[in-house]
Amino acid sequence: MSLKAALESGKFVVTAEVAPGKGTDVEHLLEDAAVIKERVDAVNVTDLQSSVMRLGSMAFSHFLTDVGIDPVYQVTCRDRNCLALQSDLLSAWALGIKNVLALTGDHPTMGDHPKARPVFELDSVSLLDVIGKLNSGVDMAGNELKGKPDFLPGAVVNPGADNEAALDLQIMKMETKIKAGAKFFQTQGVYDLDAFEKFMKRVEGFDAKILGGIILLKSVGMARFMNKNVAGVFVPEPLIQEIKAAENKAEASINIAVRLVEGMKDLCHGVHIMALGWESKIPQILDTAGL
Amino acid sequence: MEEILTMVEEFDRILVLGCGGCTTVCCAGGAREVETLATLIRMDRKQKGKPVETLEAVTELQCEPESVKPILEKLANQYDVVLSMACGAGVQTVAQLFPNHNALPALNTLFTGRAEEHGVWTENCLACGDCVLWRTGGICPVTRCAKSLMNGACGGASEGKCEVSKDRPCAWQEIYHALKRLDKLHYLKQEPQVKDWPVHPGKVVREDLREGEATRVD
Amino acid sequence: MSSFEPLIAVFSCHYCSYAAADLAGSSRIQYPPNIRIIKVPCTGRVSANHILKALERGADGVYVAGCLEGTCHFISGNYKAQKRVQYVKALLSEINIEPERVEMHFMSAAQGSKFAAVAAEMTDVIKELGPSPLNHSRY
Amino acid sequence: METELRIGVFVCHCGINIAGVLNIEDLCRYADTLPNVAMVQANVFTCAQKGTSEIEKVVKEQGLNRVVVAACTPRTHEPIFRACCQEAGINPYFFEMVNIREHCSWVHRHNKVYAQAKARDLIRMAVARASFLEPIGTFSSRVEPKAMVIGAGVAGMTCALAIADQGFEVILLEKEVRMGGLLRHLHKIAPCDVTASKLIGEKVAAAEKDDRVKCFTSARVEEVTGCIGNYVVKFSSGQESYTDKVGVIVVATGGVPLEPVDLFNYDGKRVITQSQLEARLKKGDIEAKSVVMIQCVGARIPERNYCSRICCMVAIKNSLHMKKAVKDAKVFVLFRDIQAYGVENEALFLKAREEGVRFIRYRLDNPPVVEDGRVRIYHPGMGKEVSLPADLVVLSTPIVASSDSEDLSKVLKVPVDENKFFLEAHPKLSPLDFATSGIYLCGNARFPATVREATYQALGAASRASIILSHDTIERVGTVAAVEAELCSGCFVCVKVCPYKVPRMNENGKAEIEPMQCQGCGICVAECPAEAIRFRYASDEQITAACNALHAPQEIRSEN
């Protein structure tokens, strides 16, 4: 079943995520993807995640279609102007890619080429708008296309923004994104289900499917790093202690993920699991959570 | 500094030319800085055993040919190179007026901004040609948001600061607060905005101000 | 290098360090004869260009001697001078001249012995550094 | 320069003070070789009558237009020679002094060779600088024969009355509803047992009666512009606003006793302050049989590092009054150090001890502990902790700056210290003046003072102020900064950097500096990015000339 069909069916959707590496080696990643092929509805392919130069998301998304996985092609506005973005989108469709996740993208200073010139001519909202135009058969300039795509556009939202202004801005932007055509949202990693529930209350009635983000906590160090460096992610201290106390860290991490999946079942339309290399653990999580 | 010293390496008679306009006001290229730079160049060259002659002058406005011309004409033949402490516009005015002279830039013009306090300047305008300040509470997202976003904040801010630097407030959160004060938060819920990046015209003409006969409009 | 006697310019504030130098004199405190005082009404009067020019024109070292922190006769002139000294240090580094050749010192009118001690200290520092790279031809 | 420079150099022997170390003849010969020097002369004592009249004579005879004297320090002798130049008919600022005594012969006595070289250098630098000297004139402005005194406590009222007695009008401002300040709440004043209310009552009555003193209560200073002789003050009293002109301003805003919130169980009932004790003594409303006073409460601690000076005397005074008020009362004073300077205070301290007041020292790291009805303290004499009965605990707290002192300092553009007390121009040389001329201070506004000290200071400040008021005009030397409008870029830098906020932008977008207000520091001159500010007293040309002359043009400085 495609992601689109899965979302329309009303079932609790599961997506995962892979990040292409630096270099041309794709075999290894494809093996990881194969493990979860039967268990997830789609797999995101990140676009130069954290502004680190890597293999492109279009190519890897295409490889996923080859092995029968429905890819979510992530596109950021950091590295391409509107010509390149539109052209890439058409190319992606031609290569069999049907889902696009529109992102603004991290600033180059965050990555391994910190002096690279950022583009940001469009942003996530205007990119969604452009996808809508392409779907309708015209480009940004209003020229007609010969053969048009029919992308399923998605976007992201950060429910854990750390102050009222930031959260208001996120929600307002979410509305704008829906206006611009976003059909589904994948959220930033969530650890605090109560806060997430409050967020879901505020966006009740929004016309889009929401998949709660889950980042597997691989270690105490990683949790602390995210608290310090990743905007909008907050791992509560008890969870950190839980991993610290556990003999088998992986098991503790899986337990936490299971609880989050279970909690989200009643709150939103699916989950988006960011396993960061622990793709092999996803089936176990889904089994335990009863999915 | 090293760049400047390399630039002028081949020359033995240097005219350090300040500008009495913007670069004076922002303490980058007025009479004082001209004196400092000329002294530093002399010191450097003396140290290297290749003494150099410097001339110091300040034009009223270096982007105005009428202001540059008399000074350079007066000093003609006394220098081999003009080291301009004006913005890029000033350097190019000199270069264009005297195509046979070397005109070198002593400053890297960074931005158009304003003085927060004496010694602190902030970038406030990119001369982007499509001003949006009316709907952003008077805060420019083009210059003050690291990504120049047009449709609200990205997810990268933490504690109100930009992902690029902890010293840099998230412009969109500032816009949010400003609009809230002005009771104009609904501006943030507008249709998706695509920033119009007009081709820089390179030239602006106001016929009404130009010399010459008016063209008849029938 | 024992024959190297540095030439050091001192920008002295009329209200404190110049008076401190007077006091060092009337107390007959002996110090190295390498310094040359240039009197200013306040060290806030001393610009970066003055310091640079002193170096350019033959000084091996320059220091600005202003009032003690918080006691400037003109409220904040000594802090302005301190900032400018820091600025000059940065400029000197750019042209590969030791920033230690330039310093800011604070003293009150009553600190004749400090004036002498600072003069001795700066003389030592500059002797250690050797002649200014601009003055090699002189020695 | 239109006329040819003719510099005269006068080298002083100062007896053997200079000549004992330096070879004067050599210096004269050397000076003669310097550019623009027309004449060199040596004198045994240049500053003596003979020396000065010689300068006057030579200047006239030889048509000199610049004078350089190589002698002692300009800090003491410059005025003499400037006057001498004026007598000789040249501008007194066409004079440059070089110090070869304090800065040379006295400090390099054992190093005659180098001292000689240094003296030559100094003279060369001075001659170079002299070539760029500029004439400086004076200007005068009318003095408004009226004073404003801010604060109507004992200091302010004493000062205001003293100024009025000289025949000048005084505006007296009090921020409270009533005049009188701290003394209104006190009982008796040591050491001579004057009744506080009587003393202050008389002053209030005198101030109210005196036509020349205009009293305003509930008053606040809103804005002060102008300068010595001519301040324009805007102030309010209650709902009314006033604008007036005064020639001088005296700050006598006083201080307040610190309220010891959260210290030693202070509750204002059984644990009270010295001022509250005085109020009770005044009413005769006291029956405590056993009183423990604790000194240095909230004082001489890291966040308030000063000794308030008067609290020890207050405690001693009040302990004696307690003894008098309540028969057989026991009084303990727990102190860190006793500050009871002066003959009378020392005598009172002895008297208190004779009368049985017990003084027990404590250390900051082991302070007394106030409990219900008792105070525990480590007794160093007994080497153990003791528990003292305490019907009443009295805390001696320091005088702190009044809460509005910082605001007032901004309005007046005068400084306050780290504890927000006003800061005088110089603790010894000008203890009652601010660095800004025409503004004076007295009383607790500067630092905690006894009534007697506040009175001295008030009379002193009144005298300082009256000196200005007694002249019709005030004259100032133009050693000030001036903007050259055609060079000014209108950047506001001078407006921002001036510590006295003197420069302002005029309607043409150019900066302007009011010479009467300029203090002559030169900060703006060194900061102006367009180098558009001229400062004749220490111009860039003069300083640069001195720098250029640091090193002799042809001399080889080899010591070999």
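Think of it as A, B, C and D in the order they're written, each chain with its own count starting at 1.
Operating definition for what follows: a residue touches a chain if its C-beta (ideal position, glycine included) is under 8 Å from a C-beta of that chain, and two chains touch if they have at least 3 such contacts.
Everything numeric in this text was worked out from a predicted model, so none of it was measured.
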{"item": "Touch-network distance, chain A to chain C, counted in steps", "value": "2"}
{"item": "Selected interface, B-D versus A-B, where C-beta contact pairs are more numerous", "value": "A-B"}
{"item": "Label of the chain whose CA centroid is most distant from the centroid of chain B", "value": "D"}
{"item": "Approximate Å spacing (C-alpha centroids) for the pair chain A, chain D", "value": "68"}
{"item": "Approximate Å spacing (C-alpha centroids) for the pair chain A, chain B", "value": "40"}
{"item": "Chain B-chain D separation of Cα centroids, rounded to whole Å", "value": "46"}
{"item": "Centroid spacing, where centroids are CA-atom means, of chain C and chain D in whole angstrom", "value": "27"}
{"item": "Shared-contact residues (touching 2 or more other chains) in chain C", "value": "47, 49, 53, 56"}
{"item": "Overlap residues in chain D, where contacts from two or more other chains coincide", "value": "497"}
{"item": "Interface hub residues of chain B, defined as touching at least two other chains", "value": "32, 35"}
{"item": "Pairs of chains, among all present, that meet the touch criterion", "value": "A-B, B-C, B-D, C-D"}
{"item": "Chain B contact footprint on chain C (complex, rising order)", "value": "47-49, 52-53, 55-56, 91, 94-97, 133-134"}
{"item": "Residues of chain B that touch chain D when the two form their complex", "value": "20-21, 24-27, 30-33, 35, 58, 115, 117-118"}
{"item": "Residue ranges of chain C in contact with chain D within the complex", "value": "3, 5, 7, 9, 14, 18-19, 21-26, 28-31, 33-34, 36-42, 44-47, 49-50, 53-54, 56-59, 70, 73-77, 80, 84, 116, 138-139"}
{"item": "In the complex with chain A, residue positions of chain B that touch it", "value": "146-160, 163-165, 170, 172-173, 176-177, 185, 188-195, 197"}
{"item": "In the complex with chain B, residue positions of chain A that touch it", "value": "78, 82, 104-107, 109-110, 118, 120-126, 128-129, 140, 156-158, 161-163, 165-166, 168-170, 172-173, 175-176, 179-180, 188, 231-232"}
